[in-house]
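Next up is a structure, given as structure tokens.
For clarity, chains are labelled A, B, C and D in written order, and residue numbers in each chain start from 1.
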Amino acid sequence: MNAFPPALFKGYLEYKKGKFSDERERYRQLAEDGQSPETLIIACCDSRAAPEIIFNSFPGEIFVIRNVANLVPPFKPDVDYHSTSAAIEFAVQSLKVKHIVVLGHGRCGGIKAALDPDVEPLSPGDFIGRWMDLLAPAAEAMASNQWMTGTERQRTLEHISIRHSLENLRTFPFIAAREREQNISLHGAWFDISGGDLWITEPETGDFFIPEL
Amino acid sequence: MNAFPPALFKGYLEYKKGKFSDERERYRQLAEDGQSPETLIIACCDSRAAPEIIFNSFPGEIFVIRNVANLVPPFKPDVDYHSTSAAIEFAVQSLKVKHIVVLGHGRCGGIKAALDPDVEPLSPGDFIGRWMDLLAPAAEAMASNQWMTGTERQRTLEHISIRHSLENLRTFPFIAAREREQNISLHGAWFDISGGDLWITEPETGDFFIPEL
Amino acid sequence: MNAFPPALFKGYLEYKKGKFSDERERYRQLAEDGQSPETLIIACCDSRAAPEIIFNSFPGEIFVIRNVANLVPPFKPDVDYHSTSAAIEFAVQSLKVKHIVVLGHGRCGGIKAALDPDVEPLSPGDFIGRWMDLLAPAAEAMASNQWMTGTERQRTLEHISIRHSLENLRTFPFIAAREREQNISLHGAWFDISGGDLWITEPETGDFFIPEL
Amino acid sequence: MNAFPPALFKGYLEYKKGKFSDERERYRQLAEDGQSPETLIIACCDSRAAPEIIFNSFPGEIFVIRNVANLVPPFKPDVDYHSTSAAIEFAVQSLKVKHIVVLGHGRCGGIKAALDPDVEPLSPGDFIGRWMDLLAPAAEAMASNQWMTGTERQRTLEHISIRHSLENLRTFPFIAAREREQNISLHGAWFDISGGDLWITEPETGDFFIPEL
């Protein structure tokens, strides 16, 4: 039990011999010059929705925050630790990314929990309960909609959540300012983990669609 | 500027045609059955240190939190949002992962900022300043050591940070309990983004070493 | 007990019959012409870190000072005996060596003693305590760093010590002058007695690295 | 000029591939268990008189001090740094060696300088002048003996010097005590760098002889 997970280490050895070998020079440059990713992706922790896999990324391409249900809290500067806000501040103000993509996905466990009237706190601290409260009004409205199916409520709240995160991004003064100056642009996307389709947010309406290729 | 980043979408199309195609059946299963990753990885947002790439992961294998400098705040149940704590609670109490790996890396921008006496807040809220304060005493001791080189201070604080995150994980009662019952084990690892080596933490001492292959 | 150590003498007989025999002519020349080694090596007395073995030296190649922890005291011309300074003066001014290498190593007993808060003087004179005081400020900073592991403190102080010796070499006016005129160059190296790797000091930063072969 | 001396590094690579490879397990043990050499050798820095080569030593076998003319200063506990005394204290009190061998050799440059009436200080500090003053009365008597040849004076003073070092060793209280208790024994030896013979000191008289084999 104490040994480093063997499957993980085996995967690392495959990577070292394969992909890392091919990218050896790129890694050296990235180490010397530092990273300059153009895109910040805010995604879910879910093991089926990793941005690097979905976007076939190369090292140095994307700066990635991952939390439960790819949420962005509203801007709130105070004396506490704010993990997601700190990472957003670093990406925008230090790395000066040009794009922010909020990437949601189907079958999200956090969204599922937010919709469940009978869900118990996972521990006395109920961290996940408080975290998902970021979606509270919309989640309650969904949960109480007896005419939609479970799948429709799930998918709709996933979409609402992505739009909600985009709005909260705009409560950060430095993001709002850069968006006005057209130095940054915000995008939403939703990945269907079952069929593999990627849906993009239409900027004006917030609707999700599959781009024509 | 408003268009979804073309490079990202192009990468998605390659993925859809390539890797997703190969894994189509696995994705279907994962969608139907839900995810059951055995490992939680807490990694940095850095574009050069993505766990899925380093560990050559397949979908469903790892549940991933990514924040700046792969920090874990100490257990603090209160009325605020705690992004990292919520994700940890979900991984341990709901997904019941068997392993937690704190994955740090070289040239970490957050660590660099913590060591810089002249660093200015990136925005009036100074989110990253407060976030990196999680390492404050150790960072000050490192920053004031005039006999070490910049690289030595950077690497040592990266190592200290990983050990610190492991200690803070143990302040979560449900993690301490599971560790005692041998239902979960904690690991530290550090990835050299320049040369590609993976260093693992020796459980007794906390020293980092490259495993003999 | 009084007999000359048998193992030593046996080793001498093997040498006389083997290596000395092969080098007979070289020894004769060296005796007639005198020695003209191009490199002064300042190394530790440690039985596991002999320069002639590590560098596979031939007779006449290296002039070697060995003291505890390969230290160089700062330049201090006064009326006392200065063993290391005298040997340095001889090597540089009389033999006119082109290179000085300060060779440190892992698991150094002198460094270990300097880091130990509970160490007792080995005898009332406490010679080793005063000798290791040459590293005092750096040793205290290391010893008081509670966030580093014992191994990390040990190795870091070994590295600091090598850089410190190089700096003290430069306090000798005749070395500083020769370095300016590019008649002598100074190098640091650290030998891992466990794994056999040799690390070299990068001249600009003082960082240690394993040269690519 | 600034590059690490190539000949040295080449020698290291030969050693790493050859002798170190053969002794790999021994080095690992020595690193884990620490060193326990049974013999301290006090030898000269001279490039032609390395103990490890002369005695065909294996790693961990001998603890070696090297200074100009293998001198031992008399016991003098005060507030100054004493390189040779510190190393002797460490070898005897910490490593508890069973034997001390003072190894002199022919054509010794330090002895030559001590015999030269016209020798100029090598630098304003004249470190080597003061160091060789440890032999002053004997050196003057030799230098002024007009009936001996240069070679006879050189060799005789080399022999006197070895005996002088052995006497000075006995001024260290902890050495005198251990010798009385028969826990340590002292030996002198002289290596003819021209012909390769090793002469040993006869304990009672101090005469040098070549042992019968």
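Please note the rule applied: contacts are C-beta pairs under 8 Å (C-beta built on N, C-alpha and C of every residue); 3 or more make two chains touch, one makes a residue touch a chain.
Only a predicted model underlies this, so the values are computations on that prediction, with no experimental measurement involved.
Identification of common neighbours of subunit A and subunit D yields an empty set. With chains reduced to the mean position of their C-alpha atoms, the one farthest from subunit C is A. One inter-chain figure worth recording: subunit B and subunit C are separated by 41 Å, centre to centre, where each centre is the mean of the chain's CA atoms.
Rounded to whole angstrom, the centroid-to-centroid distance between subunit C and subunit D, based on C-alpha atoms, equals 15 Å. Taking each chain's centre as the mean of its C-alpha atoms, subunit A lies 54 Å from subunit C. The touch graph of the protein chains shown is a line.
A complete list of chain pairs in contact reads A-B, B-C, C-D.
Subunit B makes touch with subunit C in their complex at residues 137-138, 141, 145, 147-152, 156, 159-160, 163-164, 205-207.
By the touch criterion stated above, subunit B contacts subunit A in their complex at residues 1-2, 4-5, 7-9, 11-16, 18-20, 24, 27-28, 30-32, 34-35, 37-39, 45-48, 50, 52-57, 59-68, 71, 73, 75, 77, 79-91, 93-95, 98-99, 101, 106-107, 109-110, 122-128, 130-134, 172-174, 182, 185, 187, 189, 193-196, 198, 200, 203, 211, 213.
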